[in-house]
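Worksheet for the structure shown next.
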Amino acid sequence: MTIPFSLYAGRESGLHPVHPLTRLTIAGFVLIAALLIPWTLGTYALFAGLLLPLAAWRRVAGLLLRAVFRFVFPFALSLFLIQGLFWTGGTPVVSLGPLSLKAEGLAFAAAMSGRILLIVSSFLLLAMTTRPDALMLALVQKGLPDQIAYIVLTTMQIVPRFQAKANTILDAQRSRGLETEGSLLRRIRGLLPLAIPLVLGSIVDIEERAIALEARAFSRQGEKTSLVDLPDSTFQRAFRWMLLGLTVALTVARLVSVLR
Amino acid sequence: MIDGLSIAVEDIRFTYPGGVEAIQGVTLSVSPGEAVAIVGENGAGKTTLVRQFNGLLKPTSGRVLVGEWDTREHSVATLARRVGYAFQNPDEQLFERTVRAEVAFGPKNLGFSSEDILASVHEALERVGLADAADQHPYDLPLSQRRLLALAATLAMQTPIVILDEPTTGQDAPSVARIGGIVDSLRQEGRTVITITHDLDFCAEHFPRVMVMASGRVLVDGPAREVLAQSDTLAEAEVDPPQLVRLARSLKLTNMPLTPEEFVTAWQRSRGE
Amino acid sequence: MISVHNLSYKYPGYSRLVLNDISLEVQRGEFVGIVGPNGAGKSSLCYALAGFIPHFYCGSLKGTVEVAGKIIADTTLGELAGSVGMVVQNPFNQITGARFTVLEEVAFGLENLGIPRDQIVPRVEETLALVGLQGFEERSPFALSGGQQQRLAIASVIAMRPDVLILDEPTSQLDPVGTRDVFAALHSLTQTGMTTVVLVEHKLEWIASFATRVIAMVDAKILADGNPLEVLVDPHIQEVGVGATRYTQAARLAQRRGLIPQDRALPVTLKDTQRFFEEPSHD
């Protein structure tokens, strides 16, 4: 099974089921920490000491590192170069002709990179290890309206279908002699025959899909069940509260230090 | 009068980007003015094959010639001068504000003169029985009539070759009869007609040549009367023979009838002996 | 199981009645085929029986509809869904998109009905086997072909085990094998005596072989209602656009040519037609 727009790696071991809310809390905690921790080293330590071991445990460490390398590394590199070279009035560390890397610039880049690393990898880790539907189910069980969960899940699947539909329409219009390649004018003229059936069709689709939802008792009041069991434990619940507490404490501490 | 064109398919294979080989070596030729029905179960490769005929798909290997044009060397829009393709789902193409404008879209793209556009739109709407609806909005018509409208839009392009993808799906008896009549008149004009269909009764009555496909190959290809009598091959392709063929077989008639008239004549003859 | 009294209906913004004074009683376990030309009101009748008229499509409604002991006008769609299942024409839009796999898609309705978790998977598996989709459990519903999606849409509704199952041209995308699977599945459901099936279909040969009763609709009205073998050979019905099987056409032609006595009842299916032509004519 592949889920469009999802990074889910499907490597659930099932041995130690971690409730999606626990994962979400970890990701949330790391995100806040990334923004608030004042020490540069702290962000890297959190990555190496928390996120990487967690990723290794869920068998996505390699995947995570590769993704981090692809998304964060180019960004960090440019940060280091730009901030290092163009920091005004800093202490040069290395000089090459008129160019020199300044210590303050490098320190700033390191701090920024650390935060970005944490933000990106906490999101990646969550996405790689958690099925979006499981996360939505967990949130619905905590009171998120069904409809919102449905919209999120269905959008992920309908967008590729939308692309397929656009291709079919394009095929039909080309078969009616519509030239879609060539001059800009030609392409613009080709837009309406493509866009109108796509929009009108989507309105019909939405109406029919609403009927399908009703036919599956989506709007039924009363207790619903779920095919998927999301095991939770007192330990996990306590852990989530602890992380939440920690997040709040971190925020307060940071606020206090800023206000002083 | 529009003369039909030939189609030559030379040992083509086709693999979808996903890696599925939907056409596994097909060679065939269709002469100008022939009417061919392609039958076979869902997933047999019928649609993939006919989409090669107007260049929507280009063969992975081998080649397809429409007249003397190699489909790989022409755009779909150019091939549309020679091949009209009526799609199954009208809602994936209708976009104009009136039925008339919708039918005129193809001829306009092909650069018809304004008199020719007027004449061919009129003729096409007459043919499908929508002349009275010319000023309506396409989406005010029910789905079955929108299907006929999409067919008219293809017919108005006056192409030598016409491809009909499941033309009878969701149509009631009068509309099926009308579509059958259109096929017959296209044949009389000498245009080449190719259809994909699950409706074997429709196929038997209007298409002298039948091609049976299964798993990306052509199992058998020949005169309808011979092909539709080959129960083993049809069974292999998961296709039910037409009702009258099944009836003739159950009554042990030797002639394979394709129409009720032929059946009654064959039955009468068998009793006379 | 179904009781309709003097039902009339107009879609909002239209002056034409799409249902004109329809009355109808259906018993539990019947397999009712609805035939008729396009625009006769067949789909609208389906919507009215399943509650989409008036709860989804507004418009002006007169008369009463009662299905599975529930007055449709007084029951919400959410409450109706467990008792009345509806499969609409276009299979592509019946995949809800709420779930990621075929198994989960079929399970979705059961989850909404509050069926206990341990019963869901066996019920889904059983239903998928019934429509010939076993082995597709882990596929994405959107990656299926039109015919497979049509089977999935039917399975998703059958799995909910409604008392009444309403299907509007459920085999339009299916080849003969798929059509046979669907009809056989519906037949087996009615054979239990628990499920009532109402089916709109143009494929007359299948209706004649499986339906226990046929209703012919023309111009928003019921024109004939009765035994399939009688209704489907009625020349009046054929003239208004219902059509006839090739069997009936051949038999009528033979009668018209005086080859077979006029009083012999016209056949609809292969078997009757064989008998029709084999019986010696006393001339």
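Labels A, B and C are assigned to the chains in the order they are written; within every chain, residues are numbered from 1.
Note that in this section a contact is a pair of C-beta atoms (placed from the backbone, for glycine too) under 8 Å apart; a residue touches a chain by one contact, two chains touch by 3 or more.
Predicted model only: the values in this text are computed from it and were never measured.
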Contact-richer chain pair (by C-beta pairs counted) among A-B and A-C: A-C
Farthest-lying chain, centroid of Cα atoms versus that of subunit C: A
Separation of mean Cα positions, subunit C and subunit B [Å, integer]: 28
Distance between chain centroids, defined by C-alpha means - subunit A, subunit B (Å): 48
Chain centre separation in whole Å, for subunit C relative to subunit A (CA means): 45
Subunit B residues counted as touching two or more neighbouring chains: none
Interface hub residues of subunit A, defined as touching at least two other chains: 204
Junction residues of subunit C - those touching two or more other chains: none
Partner subunit B, residues of subunit C touching it in the complex: 36-39, 89, 145-148, 169, 172-178, 202, 205, 238, 241-247, 249-250, 253-254, 257, 259, 270, 273-274, 277-278
Touching residues (chain side subunit A, partner subunit C) in the complex: 1-3, 131, 133, 150, 153-154, 157-158, 160-161, 204-205, 208-227, 229
Residue numbers on subunit C that touch subunit A, as the complex places them: 50, 52, 56, 76-79, 81-82, 85-88, 90, 92-101, 103-104, 107-117, 120-121, 138-140, 142, 153, 156-157, 160
List of subunit B residues in touch with subunit C within their complex: 40-43, 142-145, 169-176, 198, 200-201, 238-240, 242-244, 246-247, 250-251, 260-261, 263-264, 267-268
Residue numbers on subunit B that touch subunit A, as the complex places them: 51, 54, 56, 75-77, 80-81, 83-85, 87, 89, 91-95, 105-106, 109-110, 139, 153-154, 157
